[in-house]
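The structures considered in this document are given below.
Next come two complexes, and both contain chain A; in the first it sits with chain B, in the second with chain C.
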Partner chain A sequence: MSESTTQTNSVAAALVSEDDVIRVQDLRLNFYTNLGVVRALNGVNFNIPRGKVLGVVGESGCGKSQTGLAIMQLTPSVGRYEAGQILFREFASKEPVDILKLDKNGPDMRKIRGNNISMIFQEPMTSLNPCYTVGAQIEEAILLHQTQDKTESRKRAIDILQKVGMPNPERIADSFPHQLSGGMRQRAMIAMALSCTPTLLIADEPTTALDVTTEAQILDLMRDLQNEIGTSIMFITHNLGVVAQMCDEVVVMYLGRVVERAMIDDLFYDPKHPYTIMLLRSIPRLGVNRDMRLESIKGSVPDPYSQVNGCPFHERCPSAIPGVCDTIMPDEIFVAGSQTHTVRCHLYT
Partner chain B sequence: MASDNTKMLLEVKGLKKHFPITGGFFKRVIGHVKAVDGINFYIKEGETLGLVGESGCGKSTTGRTIMRLLEPTDGEVIFNDPNLGKVNLASLERQQLNKVRPNMQIIFQDPFSSLNPRLTVGDTVGEPLSVQGVASGSALRDRVAELLREVGLRPENMTRYPHAFSGGQRQRIGIARALALNPKLIICDEPVSALDVSIQAQVLNLLEDLQQKFGLTYLFIAHDLSVVEHISDRVAVMYVGYIVEMATTDELYYNPKHPYTEALLAAIPRPDPRRRHRPVKLPGDVPSPANPPSGCYFHPRCRYAEDICKNERPPLRDIGDEHWVACHFAESLSLQGVPRVSDIPIIDVPKRRDTAEVEAPEI
Partner chain C sequence: MLNYVLRRVVNMVVLLVVVSFVGFWIIQLPPGSILDVQINRLRQQGGNLPEAQIQALRERYGVDDPFLIKYWKWISRSVQGDFGTSFQTDQSVGERIFNRLGISLGLSLTALLFTWLVSIPIGVYSATHRYSIPDYVITFIQFLGLSIPGFLLALILLIVAAQLWNQPIGGLFSPQYADAPWSWGRFVDFVQHIWIAVVVLAVGATAGLTRVMRANLLDVLNMQYVQTARAKGLKEGIVIWKHAVRNAIHPLVMALGTLLPALVVGEALIAIILSMPTIGPLYLDALRTQDMYLAGTILVMLSALLLIGNLVADLLLAWVDPRVRLE
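Right after this comes the complex of A and B.
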């Protein structure tokens, strides 16, 4: 796909800053399965400024994980990109590269994956290889990207394990994943992801499977590393507490589209899109909505094989305008008076 | 243990569940995992008691031992049965137990593995009815249809198999099965932790509605402290097989008396971007229940610990207003709870506007 065919609407163009680590433009991804076509991403636009933490929020099936995987070029083979580009800029002075134009298995992509961009997966239990020691798995990335020297790589692996707060890192490096607890495995995953000091870290629900005390440790760790190394983070989660504590900006996704994008403060104090508002009202928040009945968003996310006319949320939206929301797809527009807050809803046009 | 005995539905006294560890050639018992180690609590009729703690602290084992799905090692579980009066579940014979069972049911965590894939929804929900001989034939079908309607499913779904349903719907089937025999007590073992956020709200609302309608009593086991705050009247906190604190929800969250509760509450990420904080880290890891520390199990990680904590295990005692704490210094420590107020407005969903009056938005 050439530059000219890629549609970039004006709002998304106005929001990009000079120094974005990643700029996703009009990303469209379809899965061709035996049962039909699944439209996973339908024109996703966002950018992550250097050194910032972007939160990605939404129900399962909204495409948040697929967006993360697309940046890593780890999309399953049944998926095909219909349009869009993912521009990655390693440092400010360097020309951006379109990740989607790189060969998935080619040397250029392999140089980026795990080195400049790395990912923490949701399940610490299944994302580690049970047959290799934790140390060997961390060293693999270091040997591939940073150094050929085995004693040096071993030293770096132990260093990074120490940095993620592992007690006795030499012993941990020689132990197998099954010998570690859930929190320790997740820390090993983070150590692996950070071993090559990435420019961008994609964290896909890194704390969902953990207890609060472990979660607090992991968040603390990620914050320290962000301050130290200056890594930008894409934080995929549905825990609003974690979002509030960690993120600078948030995008809310629904059915493969970004429906609202705001600075963290605006999202909690002045949300606009009915979906965002209902999502905030449906999650028990400590001290905020204790005596309130939780909002239940009626129905569920539409069948992924079907195509919805108009705004994808109109069937579940209490404020849908008949004749408008069910026929016309709303554009992403700025909320009046704001330069950073965008929403995709007919109520604000 | 409690002051007002007439309203007690369940009283657990000194309940223990130890799992043997075997080793060596002859598989001799070389130790015990003390999953539940002498816990005391009570649940009054019509209330919801939340049971929280980190994974591996024995919450689920407690639920299952009360139900006698696991045989208790020691202790008493006094259940106030509407027909039989007070019975000790821990020592009941099979036959007697089967008479009590209809009054206590359990909802499991994983809606994907707790339903038999070979049984239709109708069979699953109807099974308790036929096992107890309550209904059969068309009466059974009517009752199952009624139950499905009660949990928000269509009765036509009776002939379908579990694989055809989403996680939230399956959890509703699990709830319908638990409701089938009009129980008094339902043990909810992490009923929403496997569900998506918006579905979680639907199931929590359903549980609240059913409680009001049928006067149910819940033991709500969960590790998500925000969910527990929302649904519980009282909360008990567990640490390595032992209840360390139990109080009303407000009291426990705003005015905790045990250092572990304080640490647990401090670790919850606050949903307010204007109040960012970095909690004081708890040193070390949760000790193994096979080899717990001496004295108070929390003392190696506790920043208030003194010599007495190493040697003596503090009993769970009432320090007034039904606030139970197992700490030697409960009265003298001043601990931090969660902030009571939040400035975050709860925003209403925007009103539907007529197409005619679409106008330029004002600032």
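Right after this comes the complex of A and C.
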């Protein structure tokens, strides 16, 4: 492990720019459950440049949500970090801190949560507490991190509600979550997440539970606010269409590893990893012959309790090289001629 | 809100009338009457009873009146606050009941408060430390509490209190304090007398509600909004107590409605063991001797308690959870 890790790190290190908000290095996370050990993250490397939107894509169970939770240190208690670090740098001039070194429930970590890094979840229907008004829940974060003054926090809450496009912010602030629609609740969540103008916003599938029209509105809103506030966004999704609309760079994850990383155009026009290529082929497109069957990736994700030798994708990969792909784990390398595009595949070594 | 309460109160009155009618009818169903009980008693004391005297008693008690007339006599006066006279003691029913009802209610409310004060924190601890050794210990004690009969526990505690701790037991006060004015000594004496009753009354409900609290909180802790609260940077304690517990507490609030009369009735057996002058033993006695007015009045009082308890529970629930609408 050690040799491949150092090599991977050097590639990742060459890739990172000076001013990264988050730098995740060789993050390994295991879940110790009654049924056995689940290797959720097996050495994840990526960085989020300041002010950019990084998309994280992959199918269910690939570890994309766990990576987001790890940055917040909200990993379920059965999870153990086996290795790695998450470096967070609030300002370009500030020294980075390793989030994983902070006490999970300690004051330093709580100061980062909600203040410097905040998170939006997938289910707007259940992510607001039904017992408190929307305004009170937004104010709670403001009172915790920004100001002690109640009238000031109220003013800020209404301001931010207005910013996320709520038609009547005073009335919305006094409403309970069950009185709002799904789209409105997600707007309220975004308002809450942005209320302390965080350095990084982690959006874990924020539009998956919404209908397409609302989804488009929410994405527009996030993009606008991102331009306005300058917050970096880690956008976790399985929807490549959303990625195309939102992101500057993309990380493709498979079974707890980053298998490809590229600028948005490179990913869509010049995908390298067979998994990425197949993901893109499985999206229905306008103007394509209707009688053609949509491609699917054969097989399914390996059992999370087992360990796969070699490249974790080799069993499903159409271009797997027998004797190589099923025995040797490929390293993360640059695609020839690029400084930003990396891939973890034997086809390109 | 006010509208809702008014409507509920009107409903309660109608319901109470129905309950009193049906209850009174059932109470007078068994053959014989209070008169037979009285005649037997008088005969045992003083031999033969002249027929004329029996006839006089018969008229006085209105034993031969048709049911509807009996009911009307009782209910029309009850509405004015006169619940009739107890056949047994010739005391007014109101006098006999209210003293005891006060003690019963006080005892039950204390037990209810005890139940909440114990079961909420323990349930929360048990849920947040699931599958730890303290959780197992708590679970074990809970099942013990659920399965041990109240009268047995009362007897055990009586022995422990009297033999090991030398405490006065039985009744409400020791003789020297019985008629004394309130003082610190009298208060301590009072607490020493009633704590066993409170504990015994509360133990079953506490065990049950702790279990409910634990299960509910475990559900709520998996909800997304708990994660949201953590992601805000709140302390774990605030996350649990402000965001999770408030959503898990519904069954405990609803328990108020059903627990209150259950406690009032449930204390009968325990009150007999601890010789406490509460409503339970009186009710039992009234039913046995067919003291109709007394039994009927107690029945209506208990029903009223149930209805009031439910109303209070509903109002509390609406206050705890804004999704509950009072319409």
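Heads up, the rule we're going with is that the second predicted complex is superposed on the first by the 333 of 349 C-alpha atoms of A that agree within 3 Å, B and C clash if a C-alpha of one lies under 4 Å from a C-alpha of the other, contacts with A are read in each partner's own complex, and residues count from 1 in each chain.
Here, contacts are C-beta pairs under 8 Å (C-beta built on N, C-alpha and C of every residue); 3 or more make two chains touch, one makes a residue touch a chain.
What you see is a predicted model, and the numbers here were worked out from it, not measured in a lab.
With chain A as the common reference, chain B sits beside chain C without any clash. Of the two partner chains placed around the shared chain by superposition, chain B is the only one that A:G323 touches, whereas chain C remains out of contact. When the two complexes are laid over each other on chain A, the CA centres of chain B and chain C sit 80 degrees apart as seen from the CA centre of chain A, to the nearest 10. When the shared chain is aligned, chain B comes close enough to touch A:I264, but chain C does not. Counting residues of chain A touched by each partner, chain B versus chain C, the larger count belongs to B. In the superposition on chain A, contact is made by A:S60 with chain B only, not with chain C. By the touch criterion defined above, A:M72 reaches chain C but does not reach chain B. By the touch criterion defined above, A:I112 lies against chain C but remains apart from chain B after alignment on the C-alpha atoms of chain A. Once the two complexes are laid over each other on the shared chain, residue contacts for A:I277 go to chain B alone; chain C is not touched. When the two structures are aligned on the shared chain, A:L144 is found in touch with chain C, with no touch to chain B. Per the superposed model, the minimal spacing between any CA atom of chain B and any CA atom of chain C is 8 Å.
On chain A, the surface touched by chain B in one complex and the surface touched by chain C in the other have no residue in common.
Those residues of chain B whose C-beta lies close enough to touch chain A in the complex are 54-55, 166, 168, 196-202, 204-205, 208, 223-227, 229-230, 253, 263-264, 266-274, 276-279, 281-282, 285, 338-342, 344-355, 358, 361-363.
By the touch criterion given at the top, residues 72, 74, 105, 110-115, 118-119, 121-123, 126-131, 133, 140-141, 144-145, 176, 178, 189, 192 of chain A touch chain C in their complex.
Against chain A, the residues of chain C that register as touching in their complex are 223-225, 227-236, 243, 246-247, 320-323.
Across the complex, chain A meets chain B through its residues 59-60, 181-183, 211-217, 219-220, 223, 238-247, 264-265, 267-271, 274, 277-290, 292-297, 300, 318-324, 336-337, 347-349.
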